[in-house]
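Before I ask anything, here is the structure I am working with.
Naming follows writing order (A, B and C), and every chain is counted from residue 1.
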Amino acid sequence: MHTKRGKWLLGQEKTALYFLLPSFLVLGLFVFWPIINSFILSFYNWNLFDVVHPFVGLDNYRMLMQDERFWNSVYQTGYYTLLSVPIGIVLSLLLAVLIKLPLRGMTFFKAIYFLPVISSFAVIAIIWSFLLDPDIGLLSYYLHEWGIPVKDWLRNPDWAMPAVIMVAVWKNIGFNMVIFLAGLQEIPESVYEASKLDGAGPVRRFWSVTLPMLRHTLLFVVIISVISSFQVFDQVYVMTRGGPVFKTETIVYFIYHYGFEELDMGYASSASALLFVVVLLITLLQLRIFKFNETN
Amino acid sequence: MKIKGYGKMTALALILSMIALLTAACGNGSNNKGNAGSSPDSEASAVTGEKVELTFWNGFTGPDRPAYEALVQKFNDSQPNIHIKMDITPWDTLLAKLPTSWVTGEGPDMAAFSYSLIPKYAKSNLILPLDELYKGDLKEEMFPQGLTKVLKYEGKWYAAPANFATLMLYYNKDLFKAAGLDPEKPPTTWAEWQNAIVQTTKTSGNDKQYGLVLADHATIPMWPILVWGNGGDFVAEGQSKMLDPKTVEAFKVWSDLVNNKGITPTGLTGAEADKLFQSGKAAMEMNGPWMTAGYTAAGLNYDVAPIPVGPGGPATLADSVALVAGRNTKHKAEILAFMKFWNSKESQEYLSLNSGFPPTRSDMLDNEKLKENAFVSKFAATSSSARFYLSGLENYAKINDEAIVPAIQFMTINKKNVEETLQNADKTLLGLLSGK
Amino acid sequence: MRQVAGRSVSYVLLFLAAVAIAFPFLWMVLTSLKPENEIVRFPPTLWPDTFTLSAYQDVWNRIPFMQFFKNTVLFAGGVTLVSLLLDSLAAYAFGRLQFRGRNLLFVLVLVALMIPVQVTMIPLFIMLNKFGWVNTWIGLILPRATNAFGIFMLRQFFIGLPKELDESARIDGCSEFRIYWNIILPLAKPALASLALFHVMYNWNDLLWPLIMTNNDTLRTLPAGLALFMGQHVVEYGVLTAGASLALAPLVIAFLMAQKYFIQGIAFTGIK
């Protein structure tokens, strides 16, 4: 059996090649090759509008390290992550727990909560910037009528990022909820029954049964939320374009600005390379956690 | 057993490549149609005198689009041998695609973009010089003076105007009346203007109202008008004017009105300022001719007037989208024909009447049809005092986005000290002017 | 008694959340039914004074809506079908086969998953320009023909399936492809359905890629069409909200149809 298994391993390598080849051809040509290209460009002074593109070694990286605008984008990305991840998770977990209850009409609620997930950010931005307009927006008007002070959200350097975060949380809440719901369905009913017999109320049950049983799902959601926060771009692009005074400019928006608007590919690539290293570290960390997961 | 498996896999691979081939076949078909400039058959056609197809990329989205499309159609109908194929995409996508395509030897024969990009593209040789355009039917004297300046780079012509706009003062007649001002007599001097602005501003709770809405980003620039009106400037002859006493004074006067009198919300985009004016929450706004159609359709009781004259003399902002020829084109003669057609009196009359923009030419002020259109003639009349913002600078966008817009936002949103903010902006500006 | 109270509280909370989440969409649809002069005004209203379908007529008259719709279906559908096939093939190798270098290759997949598209789009566009693939269906679809997230998700699902399934099939002499095609894929329906929804959703709404990769209306998709109503200086809110409502409707229907599989699919995907 053992020797046969060894032979099998060799045989499967060839089979695996066939199975992997189509995907890796596509990934190699359209993802990895441009990444490698962009990495090479990061050592050149490469602006599309320049006629010559000299090799400059680590100059782009050195400039980046001294660029206040870059560090600001790092800070804003961190701010976004620290706020949007916990708020998004708490709210979507709450909804998942509620929607899991065996009540009528849950399919309807699920569909409603998923609406923002399936709609495009371009449309969402138009709607929200209209609703949030402090002077003529419907939402601001209602808030004002109810005596709640209205902020000038997207126009205010201090409130623009919280507003962007709020809209992002609103958009993703349904997605996280579905993942939590999937996790909740894995928890056997008998565990709840046992804890009910012990006289635990719904809140106690949540802390002592649901949350511990859900920890792997929770971890998964945390990780994908953190990674997508590092890549946050769409919501900023459509709502604030990084303003006011750069207060919503994230790393990927910074890269977009230099790569797409200035077409300064060398500089944009050096920022991409740094982002890539950070993201790679998270990936490896994630792999470790998943390994730990499988052995568990 | 293994061979059987691989047979299946090969079949799958075959099917996949067949799918790829099929889609490639369809795709290439449309590609040839789309890229006339680079496909071999169109080169041949230029020699044999067959129909030439010119590709033309621009960002004329929005309500003006039908007028531009119709004018292109008129040209196509009038020309047996030239067909213009126009593609409209939002400006930001266009400006990423355009240079990238031209650098790789592709891209359209012709494009349109803001005058402010001409120096950058001309310097990189991405667009062709067009001196011969102004040696025939078109002459420099036919166009407003400021406009001809921005169509040139280092003494050579690089573009023909696609449109021309100036900014005027829009004012809400109802709000003027309510504030006790004469709606038939808009302000003409800064003193009258500032008085009217303060009169129409209401900062108290429920019926908040703004005297003059000023947008500072994602907009046609409004602040330059205020700086010029005081005799100040941003850049002149390659030198920073941020610390010129007139510039500093202009910012002091107007940021004081913003910060202490609440004449406008701060941090506005152009679209937000328009919404405020359209909903009757703002009494005045500086804007271009493109808003007249929308405000009229919304039933607003408004009119436009020349921007009130400041201590520095009459000043308003001019803007223009320019037509340029891509460096890879093989059909320069046809492009020149199109540009001539576009700037002929007949075409400009059509475009003005259908888009509300004043004509690109300054020799049409006595055109009867344009005179009948009150708005068009008013906008056309301001062209002599209209100036282009940051003209002739290769890094227009960087200067505006990194030095000037943040300075305005610091002074108004953050209420920072004017002198200090301008000193910082001056430093940034000097850095940008001297190159990285 | 307590249970009834608990239930009511849950309902109230769920209802409030539903209102908060759905309100912007309600506003969008109602705005699309207003005449243009009712949209921007003070005080703002939710309900139109007069209902009109003129914005929808405008959408219809001013852009080749059916053409854009057809293109969107072809683009989103094409990407989804091809990507489901390639993703599941690769995921099968990662999830069900033993081979050297598996972990290393999988890290590569995860790396691809973590690279924001903005980083590679311009180099990719320059490359596709050199291939002459810009403005072709193949240039539009092929770069998206596989998706790292899809491989990742399906691999998680495949790992969770019991080993006995294919081992017995292998002893019976089935080829790997038959095991993949006849045994594993049918079991993966919920996961495939959820992934299909993701792919459709993402590509249906995508604006930047189809805009950059196409040069004329014969290949343009709906979001690109809607962008035509956003002028540099003037935004036409009525037409825009009408167009957005029309573009969203097919996705809502797709979601309602896939909803049953959707949560099941994610639940099985080994996120536990």
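In this section, a contact is a pair of C-beta atoms (placed from the backbone, for glycine too) under 8 Å apart; a residue touches a chain by one contact, two chains touch by 3 or more.
In UniProt terms the chains read A = Sugar ABC transporter permease; B = ABC transporter substrate-binding protein; C = Carbohydrate ABC transporter permease.
Worth saying up front: this structure is predicted, and the values here are computed from it rather than measured.
Colleague: Think of each chain as a node with edges to the chains it touches; is that a line, ring, star, complete or other?
Modeller: complete
Colleague: Looking at chain pairs B-C and A-C, which one is connected by more C-beta pairs in contact?
Modeller: Between A-C and B-C, contacts are more numerous in A-C.
Colleague: Counting in whole Å, what is the centre-to-centre distance of chain B and chain C, each centre being its mean C-alpha position?
Modeller: 34
Colleague: In angstrom, rounded to a whole number, how far apart do the mean CA points of chain A and chain C lie?
Modeller: 16
Colleague: Two-or-more-chain contact residues of chain B, please, as numbers and ranges.
Modeller: Correct list: 2, 5, 9, 96, 100, 103, 275, 279, 281.
Colleague: Hey, what residues on chain A touch two or more of the other chains?
Modeller: Residues 15, 22, 130, 135-136, 260, 263 of chain A touch two or more partner chains.
Colleague: On chain C, where are the residues touching two or more other chains?
Modeller: Within chain C, residues 40-42, 44, 122, 142, 176, 227, 235 contact more than one other chain.
Colleague: Note which residues of chain B are touching chain C in the complex, please.
Modeller: 1-2, 4-5, 8-9, 12, 19-20, 23-24, 26-28, 30-31, 33-35, 55, 57, 59, 61-66, 85, 87-91, 93, 96-97, 100-101, 103-106, 108, 220, 270-271, 274-275, 278-281, 288, 290-291, 294, 297-299
Colleague: If we count contacts the way the header does, which residues on chain C are in touch with chain B in the complex?
Modeller: Touch list, chain C to chain B: 36-37, 40-42, 44, 62, 78, 82, 122, 125-126, 129-130, 132-142, 173, 175-178, 208, 211-212, 215-219, 224, 227-236.
Colleague: Hey, which residues of chain C end up touching chain A in the complex?
Modeller: Against chain A, chain C makes touches at 6-7, 10-11, 13-14, 17-18, 20-22, 24-25, 27-28, 40-46, 85-87, 89-90, 92-93, 97-100, 102, 105, 107-116, 118-124, 127, 142-143, 145-146, 148, 151, 159, 176, 180, 201, 204-207, 223, 226-227, 235, 237, 240-241, 244, 247-248, 251-252, 254-256, 259, 262-264, 266-269, 271-272.
Colleague: What does chain A use to touch chain B in their complex?
Modeller: Going by the criterion above, the answer is residues 11, 15, 18, 21-22, 48-51, 129-130, 133-136, 152, 154-157, 241, 243-246, 260-263.
Colleague: Please name which positions on chain B make contact with chain A in the complex.
Modeller: Against chain A, the touching part of chain B is residues 2, 5-6, 9, 13, 16, 92, 95-96, 99-100, 103, 120-121, 123-126, 208, 217-218, 265-268, 272, 275-276, 279, 281, 397-398, 405-406, 409-410, 413-414.
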